[in-house]
Amino acid sequence: MTVTRRAAFAATLGFALAVSAGAQAADPIKIAFIDPLSGPFATTGESGLRSFEFAAETLVNQKGGVLDGRMFEIVPLDNQISPKESLIQLKRAISDGINYVVQGNSSGVANALTDAIEKHNKRNPDQRVLFLNYSAVDPALTNEKCNFWHFRFDANADIKMDALTDAIAENQDIKKVYIIGQDYSFGKAVADAAVKMLGEKRPDIEIVGNELHPIGKVKDFTPYATKIKASGAQAVITGNWGADMVGLGKAIIEAGVDAPIYTYYGAHDGITATFGELGEGIIRSVREGSLNPPTPEFKALNDGFKAKYPDNDINQPRIFNTVAMLAMAIEKAGTTDPVKVAYALEGMEYDTIMGGKVWMRPSDHQAIQDVHISVHTNKDIVVDADNSGYGLKDEKTVTMAGKDSPTSCEMERPDA
Amino acid sequence: MVELVIFSLLNGLVTGLLLFMLSSGLTLIFSMMGVLNFAHASFYMLGAYFAYTISTYVGFWPGLIVAPLLVGLAGALVERYGLRHVHRHGHVAELIFTFGLAFLIEEIVQFFWGKATKDYSAPELLQFPLFTLYGQNFPAYKAFMILISVGIFIGLFTVLSRTRVGLIIQAAITHPHTVSNLGHNVPLVFMGVFGVGSALAGLAGVIAGPALGTFPGMAFVLGSIVFVVIVVGGLGSLPGAFVASLLIGWLQTFAIALDWSVSDLLDILGISFDSEHVLRDLWTLSLPQVAPILPYILLVLILIFRPRGLMGKRET
Amino acid sequence: MSATETGSAATGKSGDRTGAEPAWKRVADDQMRRGAFRRTLPVWGAAFVVLMIMPLLFSSAVGVTIMNQMGISIVFALSYNMLLGQGGMLSFGHAVYFGLGGFLSVHVMNYVEYDGWWLPLPLLPFVGGLFGLAFAVPIGSFSTRRAGTVFAMISLGVGELVAACSIIFVAFFGGEEGVSGDRTMGPPVFGSEFLSEVEVYYLIAGIVLVAALFMYLFSRTPAGRMANAVRDNEERAEFVGYSQRYVRFVSFCASGFFAGMAGGLFAINYEILTEENLNLVTSGWVLLMAFIGGVGFFVGPIVGAIVLTLLQTVLSNHTELWQLYVGILFVLTVMYAPRGLTGLVAMHGPALRTGRLGILARAYGAAVVPLLAFLAGVVLLLEMGNVANQSVVGESEAHVFGLTLDVSTVAPWLVALALAAGGGYALVRLAPRLRDAFARATGQAGAAS
Amino acid sequence: MTAALQMQGVRKSFGPTEIIRGIDLEIPTGERHAIIGPNGAGKSTLFHLISGKYSKTAGRILLNGTEVTELQPYQINRMGLSRSFQITNIFPRLSVFENVRCGLLWSMGYRNSFWRLVDTERALNERAAQILDEIGLLERCDLPAGVLAYAEQRALEIGITIAGGAEVIMLDEPTAGMSHSETEGVVELIRRVTQGRTLVMVEHDMGVVFNLADRISVLVYGEIIATGTPEEVRASKAVQEAYLGAVDAGEGEAH
């Protein structure tokens, strides 16, 4: 019994020490990075983490920090892309006194987090948390599920689709479009938006296929490619990501389909390298943040990044916007109090390093920014992807895309 | 429609033959040792990764030979130093062991090769469309996959029916307890069979890697399907495994090719439905959507109604 | 239980019949006394006290969060062990009952919030249990026909099916976003609305205690005893009047009920259920917890749930290789300690009873340093190897045990290698002495009794 | 009065081989009946057929006048037939006490109940202890059954078989592999515990057979070639020709 008690005491002590060690270094402003750092999606998570650390270092810390010398510290917390683990990590962040949470991979996780943070802030008014979502694009997060604590720095799926369908609508050669995606909320949202917007912009376009395949379970995409080829599609739209994107893209091209493939996530993280020559001029991506041609500032930033992480790319420029805008908001509020910082973020305008503006729309906390349709190519590429010589070149830019897009968001605002 | 059918037949054949390469090894192992090897698909993954690493140094072709041999060796070692140790605790313990092994191999692969998809591609020599039909390409590499699989099938058949070793194995499959009575070195035979079975899986990985992608999840995606194949075919039956492999290969490709949905069926029956109903997901369900779970439905049905499988002789 | 005990056995007839009371009566009394629930009361009491004071010891929010997760895992792993440990059924799809119980609990929670249903929160896990049971009955009716491989395969098939359905049927499962609810909307219980984590902790602790108690009691009922008998020898059970299928079915349903209860607890704690709660990963995870803890003991899954929850929540924050360590731990357990961590402790029982633990303590004491050196060496090698594999320029630093090591230099590698090799060699050399000490501590004890 | 056990034209084939080739036998209630025959005659197969382990290819089996041909083992057991096995068949990881208690549960009406605790049922535990006393394993009651010595396991096997109080007891070579003194003990045990019940046994040891049995059936190649009292069987010329000569050899290789 004594043994157990002593062990328990030692464990408690160890725990207390660990926690207090965290509290002592309270000087820096901590930002919890909750994303997958182990498991199948760790590559994406790590790539995001590196961007965040680099952004905090170059955009904030090297410039002397905020509020007279307080530095940004990114605290990586592995959520194994599981909502449950994310909530545990959220608790961990909160008990570490962290007020800012960033997350991006998987709208499912984002939904769980925004929900939990809203509940937490309601139940613990003296220990509130802001959720800076840098990548989860489910439109619901800034519509029916919006709340005051959530800010999205990426363009949402509908805004991107708006830009994407504009591009298709302009191309009069396209008469037949095939839509294919992963069978889950995001895949369905993309498909629904595509059908709706194409119907409005080009009623003459025929949707020759609208298909959902199981997410992460398809071994061989050839049967789908066969169908797409057989349908005579002149353009393909897909929201696929990860292995599903690679598999689908390769199968379509190999089957001999000679049509542009419009994607959300058809580049970087090994995808560009895998497509290589095969995808030249075929794969198109809709995204924020212009990579090619780069602004001089971005070129310099990218060079610095590549020097440190040669195997990674700055593939999510919005991460830099997130960090910079948070720093500005803290300065503007003159405090780290999440409520005041949130009010400072609302309506903020920021000139990005990649060129163009970002405006945090107050009504739904959706960042409004330029959206680009860019093509996979190796011509005129300054900033390439995966060190492959291939990269994304802007073909079309929609300035401040979705500025007037409607939102169903009705958020409750706390007293400042 | 004709092109869809032709290409679906071909694609299904490729998938089916690939499944057979995996399930033949698994069936051999199961027949002789009574072990359902959960980690079988992990050896398939190892094959792809070994071949990838070899290909970065000396190209695709040496890997085709060397990688399966390495995987076979790994399999034999696993049998000798792992499975044999667990054997005395019974089949459930063995199943748990191979489950743990599958988990561990995935972690080990991630440790050495990382988590991202590897750029393991088909050799230049085979990167051309073999023929084009109705404007649709059939890649030469797919034909190569069929060729290798059929070669393995013929080779396996020859070994089993014409050689002494084959006769021993056949005897062991039909009468598992007789081998030791014949005076053969049973542990050695077990190790050999496990090694050969793993090597077959490794070979499947070598040729499937470029086509289906080489990533840490590749074993998980295929693992349970191979189980389905050998249970549906009938545990311990090689012909059954062959039939079930092709059956599942075609089942999956045609399910994707045919855009039938429940709502079509309801239309035919003249029933209309409310698109806001709680069961709306059921009514809009289409065949391509459920394609990947069809094998599991088949598995559960077979286990309930015909536990011996299509061509099996024993129940477990 | 040792070999000596068996060997020394004389094929004795019945014992001496001195005294008025026949020997059999004494044995029957003895069995009843030792099996009496009364005798386990101190353990339950101690468990109660520990559960009550834990939040005082670990009062940080993370501490409470982790303990809540442990509580859920404990109920889930115990329910799994009703299948594997007690009934001999290896399931690869147990998350089905956990997840479905949880999903329906969240839906009920929402009905309470929006449709005015009346249900105090502490009753929700029981509702979850009923739903788990409701799914276990139809599935168990065909899957329990056989044990062993066939059962394992059916559970795998059903698990895959339900997991796939969870993505297809969005209206019920909410797609990949899952379904969320709010636990605070029910009627207050004893003035608590379960706003804070600690209140939830006490709710979970209470349910854990109740569920564990009932699972323990189940194992002492005729149905529970026959589940053990069928596990040991299903044929023999048939010849003493029991249908093996029905015996398994009863255990399976009970197990489904408690898994559903764990799902209900999950719903309360996280207020969200997603696809991952019923997929194969969760099913595999519960197998790991039960097996590493030890399926042959009632407390085994509890130990496993605690250890693995700690590994998942604490270790994962220190190394991205944590799953590799878990994999190694699992495979080593299957190979060398099939009775799990609990079994490792339990095998010292005979030595403890005869007071010979001292012999072992000395032997173990000698092995501690080499063992630590070996483990440290292996961990260092793995962690440094991992950093070296990642090839980030300027980031050749591995952070292990609070040390920062530069993997681009040779020295740390040599040290790690030396630690692993030296420790390993010393352990191999020490092994005979350890075995000998163990034999002396337990073997002689057996002969003496 | 109906016979305890009736077999009418019972046949069993495995593939093309017919192992049991038409058995007609009637065993009256209360009789101790032994089935003897050379190895491979089908004795154990016949046991498996009667007790429901194997399905029958043809014929009927009646237990106390009720047809049990198509029933499962546990159903037949519930109707009052209990059997032991030639190869020890116990619950190895349960304690000796529990082995016997499991044998009692169904017959004492506990079924699959999960609202009663086995340790609080006095009658159940006392009955189990009494049986252990009878089979001489009372002092070993806490050991796992798997670690018992061979002879003890054989005794436990009988204990489990008789525990349920079945009317018809079937013992498959209860003394196989035992020493002479052990055999004597077991014979006494069998005599004691089958008092007032019907016993059907397969046995190789002729001493045991002639000592215990009221009547004997001789099974050769799946057919009964003679049935009668020990004296009748001993005197039967057909039996001597077909079987007794082979017994010594059979015994020699039995173990």
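Think of it as A, B, C and D in the order they're written, each chain with its own count starting at 1.
Assume a contact is a pair of C-beta atoms (placed from the backbone, for glycine too) under 8 Å apart; a residue touches a chain by one contact, two chains touch by 3 or more.
What you see is a predicted model; the values in this text were computed from it and never measured.
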Grouping of chains that still touch (sans chain C): A, B | D
{"item": "Touch-network distance, chain B to chain D, counted in steps", "value": "2"}
{"item": "Identifier of the chain whose CA centre is least distant from the whole-structure CA centre", "value": "C"}
{"item": "Contact pairs, highest-scoring chain pair", "value": "C-D"}
{"item": "Most distant chain from chain B by Cα centroid", "value": "D"}
{"item": "Whole-Å separation of chain centres (CA-atom averages), chain A against chain C", "value": "37"}
{"item": "Centre-of-Cα separation between chain D and chain C, whole angstrom", "value": "42"}
{"item": "Distance from chain C to chain B - Cα centre to Cα centre, in angstrom", "value": "32"}
{"item": "Separation of mean Cα positions, chain D and chain A [Å, integer]", "value": "73"}
{"item": "Two or more partner chains touched - positions in chain A", "value": "39, 42, 183, 214, 217"}
{"item": "For chain C, residues that touch 2 or more chains besides their own", "value": "164, 168, 170, 321, 323"}
{"item": "Residues of chain B whose C-beta touches two or more other chains", "value": "114, 289, 292-293"}
{"item": "Chain-chain contacts as defined at top", "value": "A-B, A-C, B-C, C-D"}
{"item": "Chain D residues touching chain C - in the complex, by the definition given at the top", "value": "51-53, 72-74, 77-78, 82-83, 85, 89-94, 97-98, 101-103, 105-107, 110-120, 122, 125-126, 128-130, 132-134, 136, 138-141, 143-144, 147-149, 151-152, 160, 163-164, 182"}
{"item": "Residues on chain C engaged by chain D in the complex (per definition of touch)", "value": "1, 5-6, 9, 11-15, 22-25, 27-28, 31-32, 34-37, 217-218, 220-226, 228-229, 231-233, 235-244, 246-247, 250, 254"}
{"item": "Contact set on chain C toward chain A in their complex", "value": "57-58, 60-66, 69, 164, 167-168, 170, 175-178, 180, 182, 184, 195-197, 266, 270-272, 274-277, 312-313, 316-317, 320-323, 391-395"}
{"item": "Interface residues, chain B side, partner chain C - complex", "value": "36, 82, 85-86, 89, 91-93, 95-97, 99-101, 103-104, 106-108, 110-112, 114, 224, 227-228, 231, 235, 278-282, 285, 289-290, 292-293, 296-297, 299-300, 303-304, 307, 315-316"}
{"item": "Of all residues in chain A, those that touch chain B in their complex", "value": "39-43, 183, 211-214, 216-220, 222-224, 226-227, 229-230, 243, 246-247, 254-256, 269-270, 273-274"}
